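Below is one structure. I have some questions about it.
First chain written, first letter: the chains are A, B, C and D, and each begins at residue 1.
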Amino acid sequence: MNELIKHAKELLEKGEVAAVIGYRQVSEKRTKPVIITEPEETRALVFNEYCLNNLAVYLTKARIKLLGRKNNKSFKLAITAKPCDVHSIVALIQENQIDRDKIHIISFNCHGVVKDFGFDFNGDNLSSKCITCETHKPLYYDKLLGEVKETPQARDSALERIKEIERMPHNERFEFFRSEFDKCIKCYACRAVCPLCYCQRCITDKTIPCWIETSSHQRGNFAWNVIRAFHLSGRCTGCGECDRVCPADIPLSLINRKMTIEANNLFSFVSGRSLETPTLVGSFNEKDNDELFM
Amino acid sequence: MDKQNWEPKIVAFVCNWCTYTGADLAGTSRLKYPANCKLIRVMCSGSIDPVFILKAFERGADGVLVSGCHPNDCHYNAGNFHARRRWDFFHKLLDFIGIEKGRLQFSWISASEGKKFADVITKVTEDIKAMGQFTSYKKMNSEFTVDFPADLAELEEPVLQESFDKETVK
Amino acid sequence: MPHTAEIKEIIDESPDTRTFRLRFRDAETNDRFKFKAGQFAEYSAFGDGESTFCIASSPTQRNFIECSFKVYGKVTQSLRRLNKGDTIGIRGPYGNWFPLEDFKEKNLLFIAGGIGIAPVRCVFNNVLDLRDEFKNITIIYGARSVSDLIYKQEIKEWKVRKDIKTVITVDPGGETAIWDGEVGFVPAVLEKIAPESENTVVILCGPPVMIKFTLPVLTGLGFKDEEIYTTLENRMKCGLGKCGRCNIGNVYVCKDGPVFTYAEIKKLPREF
Amino acid sequence: MDEKIISRVDLMKICKDVIDKGNTLLTPGAADYYVVKDISDIILDTSALPSKISHKSYVFPRTEPVLYYKRSKNDVQLIDINIDSKKIVILGAKPCDANSINIMKHLFNWDHSDEFFNKRANNFMVIGLMCSHFDEYCFCTSVRSSPVSEKGSDLFLIPVDINNYALKIITEKGKEFISPYSGYLKPGDEKNSKLITENVRQPEAAFDSSEVYEWLGENFESPKWEGVGNLCLSCAQCAFVCSVCHCFDITDEDYSYTEGRRMKNWDGCQFGNFTLHASGHNPRDIQSKRYRQRVNHKFRYYVDRFGEILCTGCGRCSRGCPVSIDIKEIVSNCNDNQKEFLK
């Protein structure tokens, strides 16, 4: 970890970056985001299997962007990111939310993280995104740290669950999702924690006219969760944060995962993997699938 | 409502330039088609937000049709190409969460295809008739509703002239 | 549970401001509904929600109540769509009021900005009905432009009255060629006029930014904090001190307010 | 105070009777308080952590209609809501949760009594259960409560051995509830249960609530708020899982062309539009102000107003926070006023 601290300290001391967005340890099996602006504070920085948060979410926040603007000069922001978080950063750059030149990515050779705080790191408690992860080395970075380690093996239970749902008849599927969404309490933690939910005003906050009912009854919950999933389809990079933070344990990433699979099937596109390809829903191809249309 | 007399309610979001004009042509050509579809004219198939469709289901639609110009015919050049990608996703999503594919249908109808318009409407209506009422969504809608007592329900005239239950196709 | 009321008359005050003259559908409520100057009510446009405005007519007016609103959000847009004879819902009256009894035998200075004239008008008309009990009365009213001035008819009546001093101002740029009133922001105009601060009560109402800049001017002119009354505007939903929205410090604006003296406001955290 | 001994088997018999009579029986699970359908589901674990979501929704539902309306041409018909709440028995409520209804009662009854809340609250029967486990987020001892606190419970259970519980009858309501079942009760020994409660491991008091009260009064503009505000992502997870947060929103919804309902929904002070005026003015326009409001409301304003801390120390908000903001950490480090690492 000394490398990370040294690097971050150097960046801050040289004035190359205005702030470092990183993790700090709060207890043995829990970390928390920290935004560091003073060189000596970098000693708190850590990176380990408990760094679950996707810090890319902070990059689009106005107050964090403001940190990069001091004395009428604009500075870079450094961010410590897991390889999968880099996908989110890439997706944000593609959607013109952040500027690649303004971000200093400190990334790591990653061998997986736990599914939630408080668990021991092993195959059983591996986060579901890590099971199918193919990018243990980040695709884009300014500084690469950490050593290469073996990722524990685990069963891809999420995919099995998707297959299981696909085998159900439609009314059963509807009933399944209705009852899952019914648990939603509309705290919007899924929205807050998602790096790609960066809209200044979410569609649920728009009241004239009110398309999605704000009440958390079945109908309002259904509408919200469907639209949330739709707005992320083709964009979700699969960081799984929504799933982790949901206090009602709704399997949100199940739908996201399914839509990612569909995006790959239909358009051979995976979000956040390349800075060169345009975004999926922001572009089109004349030769797209036309089967749906009569 | 007994099953025999039941008529599906279908909302059709149609593009102003092609399908709506096509519907006009179907009308002036005196083609016959079922009166279950309520047409909602929008400027472009690309401007239809998926929330419109959810709202239609929320308000008791049994099926939704989305229709626009043929690819390469869009009045705004690329609106329907964008729409096509979006609908591909939305369709897959709805299918995954348990809304049958036939509930939400798509078509391209140009301004000259009055006949096709009539055919599509007939087909969609028949499809949805075969599928029956969208009971699962309607069950969800009925949460927190109340039956107004009969004496209160005496209305002089509804605020909105066109109520969904009254078949008012001209 | 709101009472239903019929819109008896609609008065277009300015391009975006409307006044409703309302009468309860239920005659009994009509008799029972009593309020004091400064209190507010919750008006609902069924289907779009509830909104809080003050009651703009004087409590001495018993046959109807009036409310003025500026079209801003969802509810006000919906209210604006209503026609004469339509029904809206009213809950209230809520909140506290201007202690008019304490104002007796004193000079009164009314300062209003924009739609803030509505609550001031309520007190003002109430005061005019009891004109003999007060000493000098001054009103300063500012709006963004001439067309944004509301209650134009009444202003004319106020102007011709000899026993009140009426100063109307519009923001720079908002004046027209034939405008004969003042031009300038309310605090500046206030400074220019520099009313007598001895034995004077100030009733101040307007947008938060105006209040923010007017208060120091008043202090500079020698007004006592306890003598400056203002109303705080916060988003409110329930009007009953439950929903927590209007909470500033340990105060619920909908219950303990909306009328506060500057002395009270000074004790509160600056979150309004 | 009356103390009796009841065996687990007999307690289950009572539970079965409660369910058979058509009442709702709630018990805490890992995720939520759930309605017991079969008594074999009852766990009664003293060493469980508080569930992810509190039982608040049973007394203050996350969404409920307050009014129905039907519009005709010029008129509107209104239908008022009558709540006929069933009796709800909470079995094994955590001591921290047991007190929550009592805390909220102050707010819902000052000046105007909220019938929606009161009707439900009066139908609540709380059987508390001693708690023997805590984690890094529990801080009940800091907010005038403890793992053996009987506050808010009508009956209180203390496991004396594997098969038996000491049953304390705290309120009249509890006495009334238990009287039909007096056959199951054996006389108990207060010394025995006292020994147990005294030996329960308790979280160390992390802060002194009166000190926090003082500090909040003096440090409205502390750099600390800015630090937390930068981290907080403005979801309302903390408010919605909290067992005493009570802010709500009222909105109208049409469910057909002429009919609709007015709904009362949970709302959270961390949302940006919570205080947003229609004019665009927002008194709490940045996240740090909103977080400050949350802490102040809990530890200062509510104390000023009603004399109680609006917090039960269950730690749900911190445990579930997406970015691990720990309310305990914030208030317990308040006095040193350090902004270190909180940026």
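Assume a contact is a pair of C-beta atoms (placed from the backbone, for glycine too) under 8 Å apart; a residue touches a chain by one contact, two chains touch by 3 or more.
Everything numeric here is computed off the predicted structure, so don't read it as measured data.
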By the contact definition above, name the pair with the higher C-beta contact count: B-D or A-B.
A-B
Between chain B and chain D, tell me the centre distance in angstrom, where each centre is the average of that chain's C-alpha atoms.
45
Distance from chain C to chain B - Cα centre to Cα centre, in angstrom
48
Here the gap between chain A and chain B, centre to centre from mean Cα coordinates and rounded to Å, is 36
Rounded to the nearest Å, the gap between Cα centres of chain A and chain D is 31
Find every residue in chain C that makes contact with two or more other chains and list them.
73-74
Can you list the residues of chain A that touch 2 or more other chains?
210, 217
Where chain D touches two or more other chains, by residue:
63, 71, 74-75, 249, 251, 263
Graph shape for the chains shown, where an edge means the two chains touch. Line, ring, star, complete, or other?
other
What are all the chain pairs that meet the touch criterion?
A-B, A-C, A-D, B-D, C-D
Contact residues on chain C for chain A in the complex?
73-74, 77
Under the stated contact criterion, what part of chain A meets chain D in this complex?
24, 26-27, 30-37, 41, 44, 53, 57, 63-64, 67, 117, 183, 185-189, 191-193, 205, 210, 213-217, 220, 241, 244-245, 247-249
Chain A-facing residues of chain D, complex
31-32, 52-53, 57, 62-63, 136, 229-231, 233-237, 239-241, 249, 251, 253, 263, 265-266, 268, 271, 273, 286-287, 320, 322-326, 329, 340-341, 343
Quick check on the complex: what are the chain D residues that touch chain B?
63-65, 68, 70-75, 77, 79, 255-259, 261, 263
For a test of understanding, state which residues of chain B touch chain A in their complex under the given definition.
49-52, 54-55, 58, 71-72, 78, 81-82, 84-100, 105-108, 120, 123, 136-137, 140-141, 143-144
